[in-house]
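For reference, the structure I am asking about is given below.
The first chain written gets the first letter, and so on, giving A, B and C; residue counts start at 1 in each chain.
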Amino acid sequence: MIVRQFGVRQSRQLLALSRRAPVSARFLSTETAVETPVTSSPESSVPSINSPLESGSTQSKQSLTESEQRWRKWEASKNAFHKLGSTTKDSYEPVPLSASEITLEHLLAAGTHMGHSTSRWNPQNSRYIFGIREGVHIISLDVTAAYLRRAAKVVEEVAARGGIILFAGTRKGQKRSVVGAAHLAKGYHIFERWIPGSLTNGEQILGHCETKVVNAFDEELPEFKNDLQDRPVVKPDLVVVLNPLENVVLLHECGLNNVPTIGIIDTDADPTRVTYPIPANDDSLRSTDLIAGVLGRAGQAGQNRRLQDAKDGKFSYQPVSADWLRLDPFTGMPLEAEQQKKK
Amino acid sequence: MARHAPNGIVQAMQLLRLQGTPYRRVIPSLRPTARFYATETEPQTPSTEALPEQTAEPQLEVRPAPEINFAKFQQRPARIVPASRAYFSGNPRFIDHVLNLEHLQQKYASLPQVPAGEAPRMAWFKLAQFRDFVGEAVPVKKYRSLLKLLQQLNRIEPGIAPQEVRTAISVFLRPGNPYAKEHTPREVDENGCARAKGKRKTSTAVVQLVEGEGEVLVNGRSIVDVFPRVDDREKALWALRSTERIDKYNVWVRVHGGGSTGQAEAITLAIGRALMLHEPGLKPVLRKAGAITVDARRVERKKPGHVKARKMPTWVKR
Amino acid sequence: MASPWCWSCLSPLRTPRAILPSSTTTTRITTAGFHSTAVQYAMPAKKNKNSITQLKYRQGQTLRRKKKKATENRARPPAIGERKAMRKRIVLSNPNALEVEGMQELSPETMIDNRLRGSVLGLPVTMLDQLRAVQAFKPRQGWNIFRRPGTVLRRDALELGQLFEKISGDDPAEKGKVVRKIITGPKGSGKTVHLLQAAAMGFLKNWVVITVPDAYELVSGTTSYSPIEGSNPPQYVQPNATSALLKRTVEANSKVLESLKVSQKHAGLENLKPTMTLKDLAQLGLGDAALSWPVFQALWAELTATSPAPGMENGFQSRPPTLVTVDGLSHWMTKTAYRAEDYSFVHPHDLVFVQHFLSLLKSDKPTLKNGGMLLYATSTSNNPSSYSLEVGLDQMIARQDGVSPTSPDYPAPEAYSNADPRVLELFKPTAASGKEGVLELQTLGGLTREETRGYLEYFAQSGLLRENINEKWVSERWSLSGGGIIGELEKLGRHVSAPAKLAQPTPDVE
C-alpha cells in the first residue's frame, strides 16, 4: 500500500515533467479505470459477499457512479484475494464468558487481581486480599471468582423474575461494555453521569421519560398507553456499578430506596457500600469488561428462563393486572369516567 | 420484581385526598406492605396470585387452574418497563439516537469517505429545534458531539452511502433544506433601479441607484443635511466619484445605525455594489478604489475584569 | 522634690507628664529636646509634602508622580468687547487673492442682464459703506477670501433685479407696486445674501433701504423696553433698538434723505420746520432715545407720504420706493425674553417695533404708498422652532399651489398643538388692494450647474482653486454640495481635497 501510494505520488510529479519517464501506468490503476477486458465488469464477475452495502443499496447497476464502481471493484478484488496465502483457523470471537466458564486464568489474564498501592487500601477489604507484590495489593482470585459467581446468580435470578437491572459504568471506555451487558441482559444502561436524585426525586428528573406496558413476552401493549400517565417513575430492582468509587451518590440513593447493588470493589473501595461486592480491579477496562460481560450473560440466561416460563404460560413474578392499571394512580380508585360508564 | 406501588410523594398526596372522604377503600393486593426482592422466594404461585378477580373476593372452593389461553395470555399486561434502555440517563431518546449513529458508524467504517469540503451540505437541526424534536433538554456539548457523528456519516461517498445511513441522518435535517435553493445574482430591476446593501461598523445602508443627474437623497433629506462634514459626503459618494459617474446616477439611500463615519462608509459600500449591478465592468476600478471592499471590523466587546475590551486595571501592589 | 528649674540657665526642666496638670500637657508646645526659646515657639516640623512615601488615610497607595503644572497663560486677556468685535468683524477684502480680470460690477444694467447669469458681479466699492451701515454683510460668508466682495447673479437675483426695474420704472401699471416676499430655503442656500443683493439693488436705484439685520436682537431681551401708557393690551417700545434702526437708515440713505424735505405735521414733534430734511428729522431720534419711536413714526409717515400736508407744499418731492428687509423672521413668531407686568412673557407682536414691520405683510390696506419691496427671510442658524410659523408657511405653499383655503387639503394646525393664533392670523390670505401685492413665499434652492460652474470659476480665477474646471468636476461638486447649495459650494471651493484621479474608467466598459 505504501509503495503504491508512493508510486502515485511520485508518478504525478514525473508525468508533470513532460519527458519520457519510466513510470508504469499500473501505479495509477487505482485512480483511473484502465480499459482492460479483465476489469471491465468486475461487479458482475465477482459477487461481493461480505459487503455491508448489500442490504442497503437499492440502486440499479446501470446508474452506478464512478466512485461506487471504484469501490465495488476494490471490494471484489478484496474478496477474491484476501484469503490468498493464508489459512484462518481459530479466530477470536469476542463473546462474553458466562459465569460457569470463568476460570482463574481468565481472571488473571484480565488483570482483575491487581489492587491498589498498599497505602491506599481500605482495611475492610483485607479478607479479599491475597498479598502484596511490589507495594501493590493482590486480590485473591478465588475469592473474586466466588463473589462473581454469586453476583451472576443474583443477576440471573432478578432477570428471571422480570426485574429491572441497571448497568452503570461512568468511566471513559466503559460505555461499550455497559451497553453490551445491558443489551444481553435486556437491562438498562448508564454510561454518562448519574444525575443525582434520579431515584429520590425521580418525578422531576425522569418524569418525562417514556414507559410502556408489556406482556409476559416483552411485547408492548399499546392499549394501556393512556393509563401510564401520572404513574411513579420506574425504579431499578438491581443496580450493577462498575466503578462504585465515582458513583457514591447512586449507591446512596439505592440504599435509600432499598435497591440492591452489585459493585466491583477494588482494594481502596468501601465494600459496605454495595450489597453484593465483587472484589476485583476496577481500574482496568479489561477487568471491568470481563465482569460486565459475565453479569450480562447471567442476565441473558435469566431472561431466557423467564421467556421460557412465559411460553409455558407461567409468570415467575407477580404481574400487574389490567384493572389495576385502569385505577387512578393518585387515589387508587376507579376513574370518574369509568364509574360513569358503569352506571 | 417490578414494584408498582406509588412512591412517597404520591402516597402522601393520596393520603391527603382520602382524609376527607367518608369511606376509604383499600385494595390490599395493590398495596404490598412488604417489598418483594427478586432474590426472595415467591410465597404464592404466581398463576393463582396474578388474577385480580381472585384476589378481590376470597375463594372458598378450590378450583383447578383454568386452561391456558394463549391469545388471552398475550393480551395480559405483565410489567411496566421503561421504553428505552437509556431510561435512567434522563435523556433516553437522545442517547438512543447517539448509540444508533455510533452503531452505523462502526458498521460502515470501511466505506470510502470524501473530504469534509466535498460532502453534501446538510442543514442539521439547530439546537433549539433538536430539543423540540427529542423533547429533552440536551446540553450544547452533547449535541455538538452528535453533530460530529452526523458529519462523519455524511462524509461517506454519496454514491455508496447505504440507504440505512441516509435515512438515519435525514431524520436530523431541518425541514426545507435551506442550502437547496440556488443563489440568484442580483440584477437591476424593471424600473432600472439597482438595490444594494452595505454595512460598516454598526451602520447599515440600503441604496437604490437609478440613472439620473446626480441627485442624492439620504433618508429623504439632502446629503448636506445628513453629513455636514465635506469629508463624510466625499466618502459617501466615493464609489461614484472614483468612477466619474456622479452625474450619471440618482441615489436614494436609507441608512441607520452608527455615527456619521460608519454611515458614510456604509453608503460607499452600498453604492459601489449597486453600481456594479448597473455596470459590471467597473468592478476592477471599484475594487482598486476600495469602494466594494468590506471592512468587517467591529467594536470588540468589553470583558468582565477588564477596563475596556483588553485594558486591564492598573496593578496595585497591595 | 527636685526643682523644676535648671540651675545653670534657669529654664524649666521637663517634668514627667503624669505629674503635670492636664492644662499644661495640652497647650504647651513641647518639642525641643534642648531648651531654647526659639525652638519653643517654632512651628511644628512640617511633613515633607514632596515625598512619595507620604501616606494619607483612606487613600489608595499607588505610585503617584507629580504632574506637570499647566503652563500659566501670562498674556493679558483682550479688552472688554474686543473678542466680540473680532467675532463680528467683517473683512471684505483679501489682498492675497488674485484680482479677477473682467469682473463686472453690479449696476442697474447688469442686474437685469440675463446673459450674465451665473457670473459673479462685484459690489460697487462706493456702496460698501452703505451696505456695511445696514449690516448686510455677516461674518463667515466668505467675503474675506476674495479680492473684493461679489455676488453670483443667480436666477433669483435676476428676478429680483427685474422687480426693482419694474417698480422704479416708468410703466404706470408696475410703478409703485409693493412686493411682499418671505424667503426660505435650506441652510447655506443664500437667503441673507439675497437680502444683501436686494439692498445693493435698492441703493443702486436710490431707494430708501430699511433693514432689520437680526430679528433676534429685538426679542432677546438685550435692549431696553418700556410700556406705552394707556395701551390695552399693553404694548412696548424699544427706544434703543429704534434709535439703532434710525442710525442705520440715516447712514445708509443719507443722500436720499438729504434731498427730501419734511412735508407733514407730526404730533409730539412740534419744533419741526418745513425746511428740515428727512435726515435732520431722523437725527432727532439719534440723540434722544426717548424720542426715537415718534421720530421713526414721523420718518415712516414722511416716506410713505404721497402728497404734502396743507401749508407745507414748499419743495415737496415725490418719495422714492422703500425696501424693507428683515432677517431671522422666526424669532418674531415665538415668545420673547421680555416680561410683562404680571411676569408673563411678552408676545413679540406686542412690541410696537415688531408689530410695525409685521403689519406691513398685510396687503389689504395701503402700506408703502410709493411702492417698494418687503423681503423677510427666515434663518437656519440660530433658529427657534415655531410650529405656528411652519403651519403658516405650509399654508402659503398650499395657496401658491392653488389649494383653496376651504379645501380639506389645506394645511391646518393639528389639534392640541397650541398654535399661536396671532401668528396664524398673519398668514391668512388677504386680497390684494391697488398696487399692494399679495404675500408670496420664495424658496431658495441650489444653483444650477451653469451657475455652479460660474461660481467655481470665480474661485479658480481668484487663485483659490487649482483644478481643471470641466463639466464632470463641476457636476461632482454640484452633487457633493447637495444640489448646488451655495454655502456648501463655498466650503468646497476653499476646501483643498485630494483629486479623485485614482481610477479612470476602463475603456472597455459597456
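Heads up, the rule we're going with is that a contact is a pair of C-beta atoms (placed from the backbone, for glycine too) under 8 Å apart; a residue touches a chain by one contact, two chains touch by 3 or more.
It should be emphasised that the depicted structure is a prediction, and the values quoted were computed from it without experimental measurement.
Peer 1: Using the touch rule from the top, point out the two chains with the most contacting C-beta pairs.
Peer 2: Looking across every pairing, the one with the most contacts is A-B.
Peer 1: Taking each chain's centre as the average of its Cα atoms, which chain lies closest to the overall Cα centroid?
Peer 2: B
Peer 1: Need the most distant chain from chain B, centre defined as the mean of C-alpha atoms.
Peer 2: Using the mean of the C-alpha atoms as each chain's centre, the farthest one from chain B is C.
Peer 1: Per the centroid of Cα atoms for each chain, what is the distance between chain A and chain B, given in Å?
Peer 2: Inter-chain centre distance comes to 31 Å.
Peer 1: How many Å are there between the centre of chain B and the centre of chain C, using C-alpha atoms for each centre?
Peer 2: So the centroids are 63 Å from each other.
Peer 1: If you average the Cα atoms of chain A and of chain C to get two centres, how far apart are those centres in Å?
Peer 2: The answer is 92 Å.
Peer 1: At least two other chains touched by the same residue of chain C: list those residues.
Peer 2: As it turns out, chain C has no residue touching two or more other chains.
Peer 1: Could you list which residues of chain A touch at least two other chains?
Peer 2: none
Peer 1: Could you pull out which chain C residues touch chain B in their complex?
Peer 2: Residues in contact with chain B: 60-62, 186-188, 471-472, 475-476, 478-483, 485, 488, 491-492, 495, 497, 500, 502-506, 508-510.
Peer 1: Under the stated contact criterion, what part of chain A meets chain B in this complex?
Peer 2: That would be residues 52-53, 55-58, 64-68, 71, 154, 157-158, 161-164, 166, 179, 182-183, 187-192, 194-195, 198, 202-203, 205-206, 208-219, 221, 224, 228, 231-238, 258, 260, 310, 313-325, 327, 329-333 of chain A.
Peer 1: Would you mind writing out the residues of chain B in touch with chain A in their complex?
Peer 2: Against chain A, the touching part of chain B is residues 1-7, 9-10, 13-14, 17-18, 25-27, 30-31, 35-39, 42, 46-47, 49-52, 68, 70, 73-90, 92, 95, 99, 107-108, 110-112, 135-136, 157-160, 162-165.
Peer 1: What residues of chain B sit close enough to touch chain C in their complex?
Peer 2: 213-216, 222-225, 230, 233-234, 237-238, 240-247, 279, 281-282, 284-286, 288-289, 314, 316-318
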